[in-house]
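Below you will find the structure I want to go over with you.
Letters A, B and C mark the chains as written, and numbering starts fresh at 1 in each.
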Amino acid sequence: MSVKLDANIPEGPIEQKWDKHRFSMKLVNPANKRKYQVIVVGTGLAGASASASLAELGYNVKTFCIHDSPRRAHSIAAQGGINAAKNYPNDGDSIYRLFYDTVKGGDFRAREANVYRLAQISNLIIDQCVAQGVPFAREYGGLLDNRSFGGAQVSRTFYARGQTGQQLLLGAYSAMMRQVGLGKVKLFPRREMLDLVLVDGKARGITVRNLTTGEIESHAADAVVLATGGYGNVYFLSTNAMKSNVTAAWRCHKKGAFFANPCFTQIHPTCIPRSGDYQSKLTLMSESLRNDGRVWVPKNKGDARPPQQIPEEDRDYYLERVYPSFGNLVPRDVASRQAKFRVDEGRGVGPTEEAVYLDFGDSIRRLGQKAIEAKYGNLFQMYEKITGENPYEVPMRIFPAVHYTMGGLWVDYNLQSSVPGLHVLGEANFSDHGANRLGASALMQGLADGYFIIPYTLGNYLAGQDLVKVDESHQAFKDSQQEVRAKTDKFFSIQGSKSVDEFHRELGQLMWNFVGMSRNAHGLEEVQNRIAGVREEFWQNLKMTGQRDYRNDELEKAGRVADFLEMGELMAKDALERRESCGGHFREEYQTPENEALRDDDKFCHVAAYEYQSQDSHKMAWQRHQEELSFEYVKLTTRSYK
Amino acid sequence: MAGTAGKALNLKLKVWRQAGPDKEGRFVEYEARNISSDASFLEMLDVINVDLVKSGQEPIEFDHDCREGICGSCSMVINGSPHGPDRGTATCQLHMRRFRDGETIVIEPFRAKAFPIVKDLAVDRSAFDRIMQVGGFISVNTGNAPDANSLPVPKENADMAFAAATCIGCGACVAACKNASASLFVSAKLAHLALLPQGQAEREQRTLSMVAQMDEEGFGACTNTGACSAACPKEIDLENIARMNRDYFKASLRERSEKS
Amino acid sequence: MAAKSSYLTSTIGQKQIVALSGLSLSLFVLAHMLGNLLIFVSPEAYNLYGHALTSTPLIYVAELGLVTLFGLHVLIAVNLTVKNSVARPNKYAVAAEGAKATSWVQKSLFIQGLVILVFVILHLITFKFGQVYEVTYDGTTVRDLHRLVVEVFQEPGYVVWYFIAMVVLGLHLSHGVSSVLQTFGAAHPRLTPVFKKVGLAYAAIVSIGFVALPIYFYFIY
């Protein structure tokens, strides 16, 4: 039978849980902190902020990143903004409202206590970032500006034109680089984590490949903090960067860390549609565009007129029609699904007919082109570079694309996984977004985890342990290296005929078709076998070239795709077993007459956490565990944005 | 399925291949056939690479990641221009519709002593991180911050600081400069913090440290040619270099002999 | 740890010394050019001006100052050029064209400097240490530089060389004068373009002023 997962949620009223917990947690005395070695994997918002904050406290930190510079982690690409409950615009926002909106936006599949803490911390993040010199947009009076995002009726999003992610990351990166200069953080760029090393059942180190020299290295520590992002690239085409991958998390999963809600993926509604088979990735256009852009399709199927020639009466502004109170600002899952419905009805536009219009005509007429340019100039420019069309004149064509994964390694309230000593932050964990993440909340969560949660909870873990001294000469590290080397050798020994990318594309196509915006039992059953089939072929017919002991992009990709080929199966399995629709997980069998997601709170008001069990030649096995969710503050209701 | 609105191009590529930092490099010619004009430049290279892999050859190594012009990974010089012919564009945002059918494209790595070649078109830009770690920050520990709105910043300054902070650290400025000077990068980093009230306390020391590290890394001097700004995918302004020069002059005058 | 900074060895510090010495030399060449134009007033005005300059003891201070400035400008520029070529050891196979190209004027600053250096040496040999003619005005005997100038500028080879050197000087000044504010940190979105134009005009005036002499004496006189 399944184990009962204990989330270690503190007792007491929700407003006091975090404060009480901070008081009750054990502390590491300042002089002792320098005796501890902590490993942080990943240098996005979560990893960089954690590295900086832990080093500031006095811990010795080793930080690993896959890029040549930590500043390139994919948090950099977040565009729109970061939420906080500052209520600067005086429009009725509060910590409670941010908490409420996030729980509701997540379709009641997130932990209330975690979300409340996130909302509490949100304000501190803005303070911290401003002090670091993050150049947020400001009003003429010199104070911070806010804008609105999907799923909220208040303006609580802080932004830095279209590159909030880069500016926040540069803030966290600079804080971390300061510690690198001070010698408290030792930085290891171009390293890929390939294994978690356990000693006595606790996370005590990692095995990495130096992506430049090809060397396999061991690094020991007293605790490991994983901040390696999401797994959206399982779909091949996504808005994730090319290097974004699940490998570090997946190897932890195979070492005992439970994987929670893997089927919860977010399909972002405003991406640039794909144009051909050579396509390597999809590009997101910030959700903030929906503040001023209106989404529509022609009323009539097959209306081939250019958009400017389609008169108002022949346009269907379907989001405004179906959801009059939220209009174009409905949450992402709702907007994406609606776009899919229109395309499925045969009313899609553009050469592929897999797109809808996002039209700024009205806003340009109302506010003037200058105003629109000031708000979205760089996004419009980006769109024009990619498509060759001028969005000031022709409506943008957009279509949903995989963007974010709410699922991730299971963690308790302290962000500790089911493996003692392994803590997971940011997109890599499953914690705060439930079945759908609201816009501008990913940056908030990554920084909350890194700046304000892990510095406390990691101390609590370390102070409560009696850790034996372990270094890289321990047998566990040697075994791990052996295992990693064997896998690399295997890639080179296959000598097949298909490139890594071809397998990845095949997997991506299956995932998009069967585990994408809408799913059904039949498809989910079938796709598990088909993924297993691709995986089997991968291990028999992969073509590997280049060197083992020097930089080799193909080898890097092969390791990642091998893990995606396992991950995809788990996602399909989870999607099949969750016999309800919620947030980004839409099961065709479970919908209201108006095609809205139909939850089953009696049977599925829980987190599904998978324990990896075994793998014979082509069959993988997992044990499904459940963490029950209770909603004491936000009443379980049907989400409505009408 | 996918529509192919773009037209097909056939191109000749001359690509710099080099096995490692100390190895001899040379140009190798490749044919790129049937490339859609809607494909991005890197997608064109992807297509070539799949063919190379399948024929058992080593693919062309190049740095890339976000492919939307923000991570600053991509780093090649296309027909003599870093990031290709267009202003305000990173290589990953360059699309093949910019090229003519039958054209020959010469692709080289960024060339600078401070950016040693790792392999083929990939170079080591860790010098930038070392410059950042000596001063590219505001020293504020987590939890020390006052309320975000307690210190108003004039919008104009905030906008200028933002414009400097848009630098993506790609190094095209170094690649474009005949002296391989990193002045635009360093000055953008300095300007971002120098224009904000939060950055004032450490302004002089920051300038001295980062400039010293810039020289230490072996970048050349600025000759005010403006090639850096022309090549910059974020079109960072030369005004930042002027500000750095001024601050450096001032800080040098005021510097006390014993530094803390 | 941070590398130790020293203004005099830093690229920015050295660049500023080159700029400052260059700016001073630019003022000198302007004054020199204006003095030359006295030759169009009358041979007497020209010769007396030359005499006035050389007969004051301050001339030695001025000459020492000029030599120092010139020496500093050349030596530090050479030093920077060496640093720069070390920083960029390998050239690109093809040069950038269009929006990202660097102009040949800026690429050839160092060569321009060499041309000017050679010119200055030859110029001093020809005029300062050249043939001494004398002429007497109101009982004062002064050097007849006018006659020397007229003679020298009858030689077609010298005229061509002088012309080329002055065009090169103009190019050199056009870069230097218009970027000196940038080097010292005064840049402004409205004023910088204006100053660029002022620099170009300055260079053009100096250049045209100098070549006016050989052209006049070779073709018209």
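We adopt the following convention: contacts are C-beta pairs under 8 Å (C-beta built on N, C-alpha and C of every residue); 3 or more make two chains touch, one makes a residue touch a chain.
What you are looking at is a predicted structure, and each value in this text was computed from that prediction instead of being measured.
S.K.: Need the central chain here, defined by C-alpha centroid distance to the all-chain C-alpha centroid.
M.R.: Answer for the innermost chain: B.
S.K.: Averaging each chain's C-alpha atoms to get its centre, pick out the one most distant from chain C.
M.R.: A
S.K.: In terms of C-beta pairs in contact, which two chains are most connected?
M.R.: Ranked by contacting C-beta pairs, first place goes to A-B.
S.K.: Per the centroid of Cα atoms for each chain, what is the distance between chain B and chain C, given in Å?
M.R.: For chain B versus chain C, the centre distance works out to 36 Å.
S.K.: Whole-Å distance, chain A centre to chain C centre, using C-alpha means?
M.R.: Taking the mean C-alpha position of each chain, the two centres sit 62 Å apart.
S.K.: What is the distance in Å between the mean C-alpha positions of chain A and chain B?
M.R.: 27
S.K.: Return the residues of chain A touching two or more other chains; collapse runs of consecutive numbers into ranges.
M.R.: 181
S.K.: Would you please write down the residue numbers of chain B that are in contact with two or more other chains?
M.R.: Those would be 134-135.
S.K.: Hey, what residues on chain C touch two or more of the other chains?
M.R.: Where chain C meets two or more other chains at a single residue, that happens at 1-2.
S.K.: Can you list the residues on chain B that touch chain A in the complex?
M.R.: Residues 1-6, 19-20, 35-36, 38-40, 42-44, 46-47, 50, 52-54, 56-59, 61, 63-73, 88-89, 93, 95, 97, 118-119, 122, 124-126, 128-129, 132-149, 151-155, 158, 161-162, 165-166, 168-169, 192-193, 196, 198-199.
S.K.: Going by the contact rule at the top, pick out the chain B residues touching chain C in the complex.
M.R.: My answer: residues 14, 27, 77, 79-82, 85-87, 106, 108, 111-114, 134-135, 176-181, 208-209, 211-216, 218-225, 227, 230-231, 238-239, 241-249, 252, 255.
S.K.: Inside the complex, what are the residues of chain A that reach chain B?
M.R.: 49, 52-53, 56, 67-72, 74, 76-77, 86, 88, 124, 126-133, 135-144, 160-161, 163, 165-167, 170, 173-175, 177-178, 180-181, 187, 189, 212, 241-243, 274-281, 283-284, 350-353, 381-382, 385-386, 388, 451-452, 455, 497-502, 543, 545-547, 550-551, 553-554
S.K.: Give every residue of chain C touching chain B within the complex, in rising order.
M.R.: 1-7, 9-16, 80, 83-84, 86-103, 106-107, 109, 175, 179, 181-189, 192
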